[in-house]
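See the structures that follow.
One chain, subunit A, links the two complexes that follow: it is found with subunit B in the first and with subunit C in the second.
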Partner chain A sequence: MPKVKINDVEVDVPAGTNMIEAAALAGVEIPHYCYHPNLSIAGNCRMCLVDIVGGRAPEIACNMVAREGLAIRTDTPNVKKMRQSVMEFLLVNHPLDCPICDQSGECRLQDYYMEHGNYDSRGIEEKVSKHKRQDIGDKIVLDAERCVQCSRCVRFGDEVTETGDLRLMNRGDHTEIGMFPGERLEHHYQGNLADICPVGALTNKDFRFQRRVWYLRETASVCNGCATGCNIQVCHQEGEVFRYLPRRNDAVNKSWMCDHGRDLVPGIAGLNRILRSKVDGQAVDVEAALSSLAARLKAAKTVGVVLGNRATNEGNWALLQAVRKNLPNAKVYAVAGNDPGSVEFADKLLIDADKNPNSAGVRLLAGVDGRVGDAADLGSALGSIDLLLVLQDDVLGRLAGHGKPAAVAFLGVSKNATSEAANILIPVCHTVEMDGSYVNRTGRVQRLRRAVTAAGDALPAWLVLERLGAKLGAAPGTGMVATAFNAMAKVVPAMKGMEFKALGDAGLPLAVEPAAVAATEALA
Partner chain B sequence: MDFPRILSGNWDKPNSHTLAVARSCGTYSRVEMALKKAPSELIQIVKDSGLRGRGGAGFPTGMKWSFVPGPEKRGNKPVYLLCNADESEPGTFKDRYCMWKDPHLMIEGMIIAAHAIGCKVGYVYIRGEFRYIYDRLWEAVHEARAAGLLGENILGTGVDFQLHIHLGAGAYICGEETALISSLEGEKGQPKLKPPFPAVEGAWHCPTIVNNVETLAAVPWIIQNGAAAYKALGTEKSPGTKLFSCSGHIRKPGVYEIPLGYPMKDLLEIECGGLLPGRKLKAVIPGGSSVPVMTPEEVYKCTMDYESISTVAGSYLGSGGFIVMDDTTDLVDALTNLLRFYAHESCGQCTPCREGCGWMYHILCRVRDNCATAEDLVTLKDLADNIHSKTICFFGASAAMPVQSFLLKFKGEFLARIEAASKGIPAGSSVTSPEQRVGA
Partner chain C sequence: MALPAARKMSSGMSAGESIYLVEMLKGLALTMTHIIKNIFDQDRFRTVEYPDVRKSMTERYRGAHRLLLRPDGKVKCVACMCCPTICPAKCITIIAGEDPNDAAEKFPVEFDIDMLRCIFCGFCVEACPKDAIRMDTRIYEINAYTRQAMVHNKTYMVNLMDGLKPPAEEFYRANPDNAPAGFAGDEPAVPVGQPFVNLAAGAEASGAGRAR
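Up next is the complex of A and B:
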């Protein structure tokens, strides 16, 4: 752990830390454009030039590795002047079209100019004009005039997606980012290009001109698009979600997320949502629907219960608790696989073949329970079941071609084959509408946070199931998700010692190897 | 005057570029001598000779070679020797003569250098415009290969060295060693961040030594005659001889080999034959367009070596491009012309140089076209200061130094131009038509 000094603050940093990160640890922000923690060092923006105490010339902090005794200063007149001049150079050919630029409000040129700018423009020369409004991919628009040539997008294509699609073309002040003629971005991570672009050169087609970013609030949550569980910020205003942004977590998704995940945003308030409870086609309130459900569960001879790969741990745990304590003859199933209509695509980077966000959590709880049947079991039993209670998964869609249960109760977010067949229908919350936790494919327990109010009558699944449990005869729950999680963590060995509060933004790994999580699949 | 001609001694002989003539002059006679020595011994000889890189920076060659990590540190990685033949500094045209007139001397130097650093494959990176020399170099390589001087088991010593000639695409920046490496690797010719330095991690992430043509051509003589003999030429800190490319308003432009430490005045008046009749000296750029300009007073005080030019005139010996400007020169035009070059050649990688070179050129165009104010000169100077030493490579400083030095030493001429323009007097030899922007 080398000890370095930034201005007057001494700080111990891990070996290999660069001085931008070291300064951040010391509470000093070093402005930068080209540096990105998950990309290689380019050193081209020169915004992070700092003075080295005892050094001859200023050097860039991003390419300076912390070594014992290294002391830098970021508060000298020289550093101030260097930042000011870099800002001036960056803006001399910049169009300054902030009023019509969608990056406004989250633009590094704006932010840093406020802090480090000249405020007395000397830019009277004619600006170099470059290619504007270029359609370079399904998700991305490129405006080369706004670009500061930081090459983050180039490095993203070279190092992350390994597609090598974007390039720096031409030289001198005619340098611009571009694609080879006739080529378009073809990869599934295009949205990240808009995220890492520090200025308005690369903007996201789906989000641009939808909302000024300063109106948006951000809530840290987890993507529900697949088993990877990318950490995200849900950006919303007044109950409406406008975009997902990846949130850095080097243990899961670094700073990236896929376009499929972003494409889930319109579905949150989509026409396909289940908004009202129904019993035999009649709209009722949730309480009435739960009473009917409890009565029918008690009356049915053979009850099948299906855990939800798309539901939270708390939801599945509440379901298991309700059933195991009150319906001793009920058979519980976990049905692996994707709902019909899922984007059947996987890659080595982030996109998992399993499109359910919590399959690992289901496997985990099924393993703890020890008596959970799998898809084959359910398939063969389906025709003889009197009442099938399904949590979120489109089980009937997955098992199309097998027999039909006599009656179906469905707790779900969106309409599907199972909801169409359901006699009792109860809406539950979307991922962004509730707190809770998922276990991702590597066995990391990650926390969801409620960003927006629930659509229609939807309640969190775990709350609905706690109430159902009470109606079936169990002790009433506390109605608090943290209590629900903590109670579960006490029983589940792999969650030993975990507390909901401690999951934090980065999540916690299960106390078992990921391989062990995978091994429990046989039980599921 | 008569000086030992270490580098240019064979240039006047007919067919000096052929192997037969080169061998008759003693070229390649040092190969066997060198290959029998241990690499460390060769490095020590070159270190002792005080030979400094002739590409412009003047870094001690032997020390550079010694930076290559030993086999225990570099593992299985090969070492590369690159000859920088991308001679593109305006006012410099010595390497092209070295290669055109005596390619075998450079190849001999490369064989010796390769042995010293443990390199088995070398490249000559030659400027795109030197197509005709490129062909001649390949001929020389084929001749040397056929004679057993290149390839495997050179002259039965068990030493291997393969040499390839690589033609660049004509970019000034590719003379910068890390940009040269990028270009050789097939990437866009852009400088790389240092550290790591090429000697540790260069071409294809392997230890790489980049030497100028002239530097390598000096090596055989040093091996043959010893470090002391080389040190006897030139000055204490700048030993040996150097080629100077002399151009501008002189009677005898050309390439001259003189020992370092030779008076600049003598170079101008004896070798170069003095100024044209009736002209007076106005300014000299002593080391290629990038170095600070010198006034006549400085010229008459200076000697041609690294230290004198630096201490007397705050300039550099650079690549030895000796550009003489007499009193007919409009320095506003001259500087504008220089900046046009730099604005066009900036690789565009890092901010100050990319945006600043074009900006400085635009301001100079306005000065030249009589639409500038004295305040523009303040901005110009400030821009140059903001570029100098703030960039990834030395290009930024190379563009800034002419601006800084012209404004320091000849500011009066710029102010006079602006003053005259404000009074509506057409001044100097200005081309007043709007300048077409280069590179658009």
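Up next is the complex of A and C:
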């Protein structure tokens, strides 16, 4: 652990840390454009120049590895002057597009100009004009004039997606970012280009002109697109979600997320949502629907209950509790596989073939329960079931071609084959509308946070199922998600010692090897 | 802490004022000055016989907003959202759109100002980087029979100085395609100049119940 000194603040940093990160640990922000923690060092923007105490000349902090006794200063007049000069260079040919530029409000040029620039323009030459508004991919618009040639996008294409599609071309102040002639971005991580671009050169087509970013609030949550569980920021305003942004978590998704995940945003407030609870086609309130569900569960001879791969751990646990304690004859199943209509695509980077965000959680709880049947069991039993209670998964769609149960109760977010067949329909919250936890494919328990209010009458699934349990005769729950999680963590061996609060932003790994979680698949 | 000794009650008046007589005469003198001025110098009459006579406002007066056009006839506004951001009354609603055939790329599909909420502070004019909105119309008669007609929309504000006169309601009634959402074009419940009668309560039928 080398000890370095930044502006008289001494700090111990891990070996190999560069001085931008070391300064951040010491509470000093060093401005930068080209440096990105998950990309290689390019060192071409020169914004992070700092003075070395006892050194000959200033050096760039991003390419300076912390070593014992290294002391830098970021508060000298020299550093101030260098930052101002770099800003002047970067802005020499930058167009005054701010009123129409989507990056306004989260633009490094704007932020650093106010903080480190603040000079009067000496520009008397015409600005160099370059190619504007180029359609280079399904998700991205490129404006070469706004670019500061930091080459983050070039390195992203070279190092992360390994497609090598964007390139710096020409020389001097005519340098511009562009694609090879006739080519378009083809990969599934295009949205990240707009995120890593520190200026407005690469902007997101889907978010283009939708909302000014300064209106948006951000809530840290987890993507529900697949089993990877990428950490995201949900950007929302007044109950409407506008975009997902990846949130850095080096244990899961680094700083990236896929376009399929971003494409889930319109579905949150989409026309496909289930908004009101229904019993036999009649709209009723949730309480009445739960009462009739409880009565029918008690009356039915053979009851099948399906855990939800798309539901939270708390929801599945509340369902198991409600059933195991009060319906001894009910059979519990977990149906692996994807809902019909999901994007069947997988790669080695982030996109998993399993499109359910919590399959690992279901496998874990099924392993703890020990008596959970799988898709084949349910498929063969489907025709003989009197009442099938389904949590969120489109089970009838997944098991199309098998028999039909006499009656179906569905607790779900969106309409699908199961909701169409449901006699009792109860809306539950979307991922961004509730607190809870998912377990991702590597066995990491990650926390969801409520970003927006629920659509229609939707309630969190765990709360609905706690109430159902109470109607079936169990002790009423506390109605608090932290209590529900902590009670579950006490019983589940792999979650030993976990507390809901302690999950934090980064999540916690299960106390078993990821392989062990995968092995429980046999049970599921 | 000891309380101060009994304080002399003071009305804040000087000895001369407390006699009242002098002050009364001063007041009468002021009134008389105005009467004489109004008789002999009628051009500088303070009171205006509104609505027969209408006061002309100064150039700096902040009246109803108008939107300016570029030489090519498109609105100057690029929907940068600076004015709804600065607006303390939150009365401006802009929906941005993309114009593929225009170098400006971005333009306001809808630009509504709710004149019921506007406090005429002029911040929107100051915040605008494109000089697209101004309040130099000197129009101060902004009124309508419905709340919907108090919303001034893009078409109305663009045409406001171009031969168009307030109120917006008449414009919206004549151009239903350009009226704001929810504007039904209802005729006023009571003809202008008639005393208000509460129709909803059925007062008309009973012939009674003239409201305040």
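What we mean here is this: the second predicted complex is superposed on the first by the 523 of 524 C-alpha atoms of A that agree within 3 Å, B and C clash if a C-alpha of one lies under 4 Å from a C-alpha of the other, contacts with A are read in each partner's own complex, and residues count from 1 in each chain.
Following the convention adopted for this analysis, contacts are C-beta pairs under 8 Å (C-beta built on N, C-alpha and C of every residue); 3 or more make two chains touch, one makes a residue touch a chain.
Given the structure is predicted, the values throughout are model-derived calculations rather than measurements.
With subunit A as the common reference, subunit B sits beside subunit C without any clash. Looking at the shared chain after the overlay, A:118 reaches neither subunit B nor subunit C. Partner contacting the larger number of subunit A residues, of subunit B and subunit C: B. Applying the stated contact rule after C-alpha superposition, one finds that A:99 touches subunit C and leaves subunit B untouched.
In the superposed model, A:209 lies in contact with subunit C only, and not with subunit B. In the superposed model, A:237 makes contact with neither subunit B nor subunit C.
In the superposed model, A:7 makes contact with neither subunit B nor subunit C.
In the superposition on chain A, A:133 contacts subunit C only, with no contact to subunit B. With the two structures overlaid on their shared chain A, subunit B and subunit C come no closer than 22 Å at the level of C-alpha atoms.
Within the complex, the subunit A residues that touch subunit B are 41-47, 49, 57-58, 63, 81-82, 85-86, 88-90, 92-93, 122, 125-126, 128, 148-149, 167-168, 170-175.
Every residue of subunit B that touches subunit A in the complex is listed here, in rising order: 171, 188, 193, 195, 343-352, 354-359, 362-363, 379, 382-383, 386, 389-392, 439-440. Considering their complex, residues 78-82, 85, 96-98, 103-106, 129-130 of subunit C touch subunit A.
Interface residues of subunit A facing subunit C in the complex, by the touch rule stated above, are 98-100, 104, 132-133, 208-210, 212, 214-215.
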